[in-house]
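The structure appears below as structure tokens.
Here the chain labels run A, B, C and D in written order, and each chain numbers its own residues starting at 1.
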Amino acid sequence: MDTTPFIVLSAILFTIGGIGVLTRRNAIVVFMCVELMLNASNLALITFSRANGNLEGQIAAFFVMVVAAAEVVVGLAIIMTIFRTRRSASVDDASLLKY
Amino acid sequence: MNDFPWLSVMLFLPIVGALVLVALPARVGSALPKQLALGTSLVTLVVGIVMAIRYDSDSSAQFQFTEQAEWIKSFGAHYALGVDGVGLTLVILTAILAPVVILASWNDGDNGRWSAKAFFAWMLALEGLAIGVFAATDVFLFYVFFEATLIPVYFLIGGYGGANRARAAVKFLLYSLAGGLIMLASVIGLYVESAKSDGGATYLVTELAKLDFGTDVGRWLFLGFFVAFAIKAPMFPVHTWLPDTTENATPGTSVLLVSVLDKIGTFGMLRFCLELFPEASRWATPAIVVFAVISIIYGAFMAIGSDNIPRLIAYTSVSHFGFIVLGIFVMNSQGLSGANLYMFNHGLSTAALFLVTGFLISRRGSALVSDYGGVEKVAPVLAGIFLVAGLSSLSLPGLSPFISEFLVIVGTFSYSHVAGAFAVTGIVLAAIYILFLYQRTMTGPTRDEVKDMKDLGTREIAALAPVLLLIVILGFFPKPLLSVINPAVDHTMERVQKHDPAPDVDPSSLQEGAHE
Amino acid sequence: MKFTAPHIEYDLLSPILIIVAVAVLGVLVEAAVPRARRYVVQVGLAVVGVVAALVAAFIVLGRINPTSDKPKLGYLVAEDALALDGPTLYSWIVILVLALLGVLLFAERRLEGGITAFAGQAAALPGTEGERQASAKGLEHTEVFPLLMFAVAGMLAFPAANDLLTLFVALEVLSLPLYLLCGLARRRRLLSQEAALKYFMLGAFSSGFFVYGIALVYGYSGSMSFDKIAFAVSSGSGSEALLLGGMGMLAVGLLFKVGAAPFHAWTPDVYQGAPTPVTAFMAAATKVAAFGALLRLFYVAFGGARWDWQPTFWAIAILTMVVGSVLALSQTDVKRLLAYSSIAHAGFLLVGFLGARSLSEINVGDINPVQAVLFYVTTYGLTTMAAFAIVSVVRDGSGEATQMSRWAGLGKESPLLAGSFAFLLLGMAGIPLTSGFTGKWAVFAAALSAGAWPVVIVAVLMSAVAAYFYVRLIVVMFFTDPVGDGPTVTVPSLLTSSVIAVGTLGTLVLGVVPGPLLDLLGRTAQFIR
Amino acid sequence: MVNLEALHDVPVVGSVPTDGAFSLLWLVIALPALGAAILLLGGRRTDKWGHLLGTAMAVGSFVISLILFFTLLGKDADDRQVTQHLWNWFTAGSYSVNFDLLYDQLSAVFLLLITGVGSLIHVYSIGYMEHDERRRRFFGYLNLFVASMLVLVLAADYVGVFLGWEGVGLASYLLIGFWQQKPSAAAAAKKAFVINRVGDIGLSLGTALIFITFGSTSFAVVSAASSHASDGALTGIGLLLLLAACGKSAQFPLQTWLLDAMEGPTPVSALIHAATMVTAGVYLIVRSNFIFSLTEDARTAVIVIGTITLLMGAIIGCAKDDIKKALAGSTMSQIGYMVLAAGLGPAGYAFAIFHLLTHGFFKANMFLGAGSVMHGMNDDVNMRHYGALQKAMPITFATFATGYLAILGIPPFAGFWSKDKIIETAFADNTLVGLCALIGAGVTAFYMTRLMLMTFVGTKRWEKDVHPHESPKVMTYPLIALAALSALGGLLTLGGWIGDWLEPVTGHAEHHELPFGMAPIVMSLIILLVVAAGVAVAWQLVGQREVPREAPEKVSIFTRAARADLYGDAFNDEVIIKPGAAGIRGLTVFDRVVVDGAAEGTATAFASMSARFRLLQNGFVRSYALALLAGAALVIFALLAVNFG
């Protein structure tokens, strides 16, 4: 079967994630959108892995997940500190550094 | 001791002196550093004179006192020094003016931003680097010195200059840097071209001269170099940094800047533009001649119009550099010899003019012509020297600049009657700006502000005397200079494949003509 | 039950392994060693570790005997996951040296009065009782050292990575610790945290692109390893679109790291907000690692498709130089100014990167682009380190005085410091007799040899523009009188001073006698495929 | 190869190496030069004896000149052109200029004139400048002048001439502006120098053209080759040299500086602006006879200029109440005669030089006389305040009278012999020119008579507390000597001696026929009649009625024009100076706004660009993300475009 639908789907997911990053204010949600992008990539990886008939893609998918998990840890830590100091999780509030 | 590194010594003596000065503790006061600076520059001068005496003007080699060592292999850059006649004269000019300037600006460093020590350290560093520029026979090395000279000047202006010194310093630096960076593109271009050649990458002038760049490449590289040199020289329309700079610099700095550093521009045109890109130079000649003539007249008019003495002198230099560039690019023996001689003479006359006006300004505390009047009555010696300096600047026969200017005019006239006719108006305009300046400052009823002005002191006269003496002697007997310059000129003529036009009536042909 | 264990060349990998080990140990130290002694132990551990790694790296370098005219190309290790060749080993050494300097800056305690520049307790809220107690107790986060080590480990792996997956992992390993470090400033914590957030958000976003790029390229070539990709490119099988899309997205990820326009937006904010030691390290080391990776990926894997990506990179290089130089003109904060200047330098580095030519075109002894870029990052790294180190010692009551106006009259206040800073600035401006000049010369020459003269022209003009703001800073320091009470220069401990000294000295030496280093690079800067 | 048949023959400047007495030649210049050096560098300590040293130097070189002259007489005509090679001045390519001195019949005459009259004026100045505390410097300048003038007439190369040419220019500048604290004096000095520089354009370009044409600028080579040159080149050179002559000799259109030059001390006016320097132009033309003899066109130009100037000067002289300015006008006019004569070619050269000599005598005489009058009248120069001075200062009157008769051309006084010859030759050449010259003689008679009457006869119109008295002997003796020369100068032409003497230099003059076959004696009578008429008119207008102490306002347009120097200055102001000043003001603005503005503008442009674009960095992480996304999109699009576009 043709890989196109899967790739298209992953592309759509990726785009949704990207748009989400741009449109949502809440840091957590923004970060979830990034996760969505990563998972879209995973879908693509796995699809190609199957199409190419080797496992590298799937291994990569696992790595991506692991790394994503690590990112979550770091990310949440940062977001937490920001939230506690500013009492808000909106990424737009943090805009002292500019120009 | 023919392999004695004369040029390296001349180059590093002042720099080492500068470092020593910096190393001196602050408590030694300002007297010792001054004496040390003067001493260093004098020793350098002595070395220079000895070297000049050992220079063999009949040798066939293009460069003498050559030194060469590989510096950055992968750039093809060498530490290569050597002088031909032109380089020698300019090195000597630098060596002569340095002690003069140091003596003349004995107290100029005292009320600057930093100690007098730093002032003279910068001066010495500048002298060394300037000598390096004129002695470098490797394009990369030349470029390094070319840019490096900017820093001392920058600090000399910014640290010790007048009201707008910071702004002037920045303007000077950026203007020159812009030119330098444009040149950098061409310098790198040279590397790329030479790397293509089977000889491999090199920056030695002698090697590069053997290469034949294509017409287009040659012209582009030429332009890169020429723009930088035109800014340095300075030529219309990229001259405006000079008046602003001299207006704010101390007289000594102005002398080193205009009399020595600006020569890098014309020197570079000769050494690199004509030497490396003869075809492109011939191609560009008409346009450059036009700009040179414009510079002559434009600079003169601006000088007539300016009420600020240092600005005025700066503009006169624009005019004079017009003559030099003209002489270089008409590409005949008269023009070239004239131009080379002019570089030296202009150095002397402008130095005298800057220094004597500097003394005048330091007495009255104003640089405006309109603030003076009748000084001749209270300070006859100052006025007399002022007049002589001025006359040399309007190249009065009997003073050294005359010969150079006359030769340039002759050369130009034989290149093109029209160009010559325009250029020659410079001599009238020069008379106007100099005598107008003299009339407004020195003559007329003495103004109250200058009533109790003191005449020149011994130190000041001692600083000026050698310059004036040279101006007069070389006015009647320029042979020492010409004898080293002319071979270099012949070499250049060879490079650009030009020959002097034969006279309409060849006197030698008349005899056999008579026998017919 | 039997299996063939993967073959790992532990000896060759020792530098990375040492750093990782030190990092892990550091974490254990945090757990085991009582607070009072942690600082000493951590610093000692880090220094020893980095030095050991450095030694190891030199030994490995020796293995490909770089002094000979025809050095060994290098080794493919860890099942071809990493390539240890000239560029890798050189980058390692540079990164480790910078890391060592970084450790010294991190360990500086005198400036803040006997305590590091990092938050006493990141969890405590700014301006609360908790924070006051933390500082009263003299608490400090010694975790910064293990974090630094992890980042270094990632940086070592980054230029060595020989397949996309390793590349990705290395990227994240170097990024995540930096995100955290950015947020740990003791002073101005709001800014610091904001910097962390921005860096993290955008970093994560860009790595999203990066991963998707991996997927596409994998889809195109059916493999992650560079040599197979290269083969696929040369054989031209598969759909161009996948390759180009993937290439583009990978480029985005990497260009984000080097801070090239239009992916530079994070740089000024993060550089300004982060603790100065972190900024220094980040600015210097990340560039080395990222350019190492960029070169390998695009020369080895996508080298065959050079004509596809070169035009785009021309545009990016030009844009980056313009943005960096022009926007820097109107900056009033020294750290931010240096941030913009780092963008400009990224542009100059890209100019060198554009010198890509097929080996056949490069005669022996010519400047080759890899050599040029690696040389430039070295010079830039040293200069920047020293510059930021100096920024960290110019202070007033509220910590570092980064407002440019507060620097007025520094030349009188402490001539030596101001003098060396001026020298570093001239270096960045590319005045001869500084490493900045030789570096610029090298990258421009490389690009010009590849016929990229329009880019070089722009580069030259932009260097002129850039010169303006460096000079302006010099004017402020030397030619303007301080308003009110001038800045005070807190005399730093040996740690920071040695960083300044090394950086300045490097800038001078590499400016006057760059020959040996350039020759070394000329011999060894060849990628193993 | 050049065709010899077509050649006219012009005298070739020979070059016999110096021997015996001639090796002293350089001393003639060296002495005054040394004097100048000592007096100007020596400073105050030379004040006491400075004037004596200066005079001694001048006299010394006069003595040498005499020795040289008689040795020259001793030699036979062929080798009377001696060249002393001093050193090679400069060499560039094929162009080499030597520092050579050429002593031939022409320069010999000049040597005597310059050193002789010069010495007399030095002596006179001892008295005249007695009360000036800067007298020492005055003598320094005088010496400098004499030295430069000698260089000018002895140089064997056009560049050498240029050296002297500018040297005398400088000396004239310094001496006109000797009383610098008077703004008018300073201005006049500058004006003189600048206008002379305009002339120098001619000399330098002329020299350049000579080099291009002949490959050398030494008289010997050029005179040998000139007949081979193209007419165009010759005419060009001629006209350029004429321009130079106009500047130096105050010929139309560069005449305006001479009247202002009277700001200088009177001895200066006598020496520089009457006897020697202003005649340098004539010398240049005569010296370049080997050019002018071959170019009809250039000579015509010379004649026209000369004629115009001789009339202009005469007219201006008529309206001046300032005794010196009146004399200056007369000088202009007389030099006009010389230039005219020089323009007549071989026929006229000798007479030009002859008139130059006699004029040198009688004009110096009259200027010094005027000086002596002023000396007695507290430096008042306005003739309307004079009158009836012949009793008060008899010697001055007597000497002045001889000068008066000489300039009128009353036989046997010197002027008669020289001026008549010129007018005759002019008639022979062209009747119109002759008529102009004749009218000029009449007008000369008018204004000189007017001057005499207003100064020495009539009623006393002296200012209060002015007590005219005869000047001291140190001043009157030179007057007497010069008076004698003005009276007897004619002897030089006894048997046409001067002509024959100069012929080897100026070439052979074929005899001219006067119009209507007049005999020369008839011509002379006509001239005398015209002169008499002039005198009569003056007697009517000035002698017969009271001279008002204030210059009358209601006067004819001609008088007004003459008083305004025929609007020469007005013309310069309107056409050159005012537009020039305006242009320079404009240019200054242009330089600041446009030229510098372009440079500074670029900088500001970048700055404003920066200020605008930095706003894009707005601090919102999401907009950064947008930028990133857009960038990514662009990159991918670009990549695709490059390959599929």
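Throughout what follows, contacts are C-beta pairs under 8 Å (C-beta built on N, C-alpha and C of every residue); 3 or more make two chains touch, one makes a residue touch a chain.
These numbers come from a predicted model, not from an experiment.
Visitor: Taking each chain's centre as the mean of its C-alpha atoms, which one lies nearest the mean of all protein C-alpha atoms here?
Guide: B
Visitor: In whole angstrom, how far does the Cα centroid of chain C sit from the Cα centroid of chain D?
Guide: 79
Visitor: Calculate how many whole Å lie between the centre of chain A and the centre of chain D, each centre taken as the average of the chain's C-alpha atoms.
Guide: A distance of 96 Å separates the two centres.
Visitor: Taking the mean of the CA coordinates per chain, how far is chain A from chain C in Å?
Guide: 25
Visitor: For chain B and chain D, what's the span in angstrom between their mean Cα positions?
Guide: Those two chain centres are 36 Å apart.
Visitor: Scan chain A for residues touching two or more other chains and write them down.
Guide: As it turns out, chain A has residues touching two or more other chains at 18, 21, 30, 91, 94-98.
Visitor: Residues of chain D touching 2+ other chains?
Guide: Each of 603, 614, 617, 619, 621, 625 in chain D touches at least two other chains.
Visitor: Considering chain B alone, which of its residues make contact with at least two other chains?
Guide: As it turns out, chain B has residues touching two or more other chains at 174.
Visitor: Using the contact rule from the top, write out all pairs of chains that touch.
Guide: Once each pair is checked, the touching ones are A-C, A-D, B-C, B-D, C-D.
Visitor: For chain A, which residues count as touching chain C in their complex?
Guide: Counting only chain A, the residues touching chain C are 3, 7, 10, 14, 17-18, 21, 27, 30-31, 34, 37-38, 40-42, 44-45, 47-49, 51-52, 54, 56-57, 59-60, 63-64, 67, 70-71, 74-75, 77-79, 81-82, 84-86, 91, 94-98.
Visitor: Give the list of chain C residues in touch with chain B in this complex.
Guide: Within the complex, chain C contacts chain B at residues 363, 365-367, 371, 411-412, 426, 429-433, 437-438, 440-442, 444-445, 448-449, 453, 456-457, 460-461, 463-464, 467-468, 471-472, 475, 478-480, 513-515, 518-519, 522.
Visitor: So in the complex, the part of chain D that touches chain A is made up of which residues?
Guide: For chain D paired with chain A, touching residues are 614-615, 617-622, 625-626, 629.
Visitor: Of all residues in chain B, which touch chain D in the complex?
Guide: Residues in contact with chain D: 174-175, 236-241, 298, 301-302, 304-306, 332-334, 336-338, 374, 376-377, 381, 384, 391, 396-398, 402-403, 406-407, 409-410, 413-414, 420-421, 424-425, 427-428, 431-432, 435-436, 438-439, 442-446, 476-479, 482, 486, 489, 500-507, 509-510, 512-514, 516.
Visitor: Which residues, counting only chain D, touch chain B once they are in their complex?
Guide: Interface residues on the chain D side: 1-2, 4, 40, 43, 87-95, 99, 159, 162-163, 165-167, 170, 173, 177, 180-183, 185-187, 189-190, 193-194, 197-198, 200-201, 204-205, 207-209, 211-216, 221, 224-225, 228-230, 233, 583-585, 587-588, 591, 595-596, 598-599, 603.
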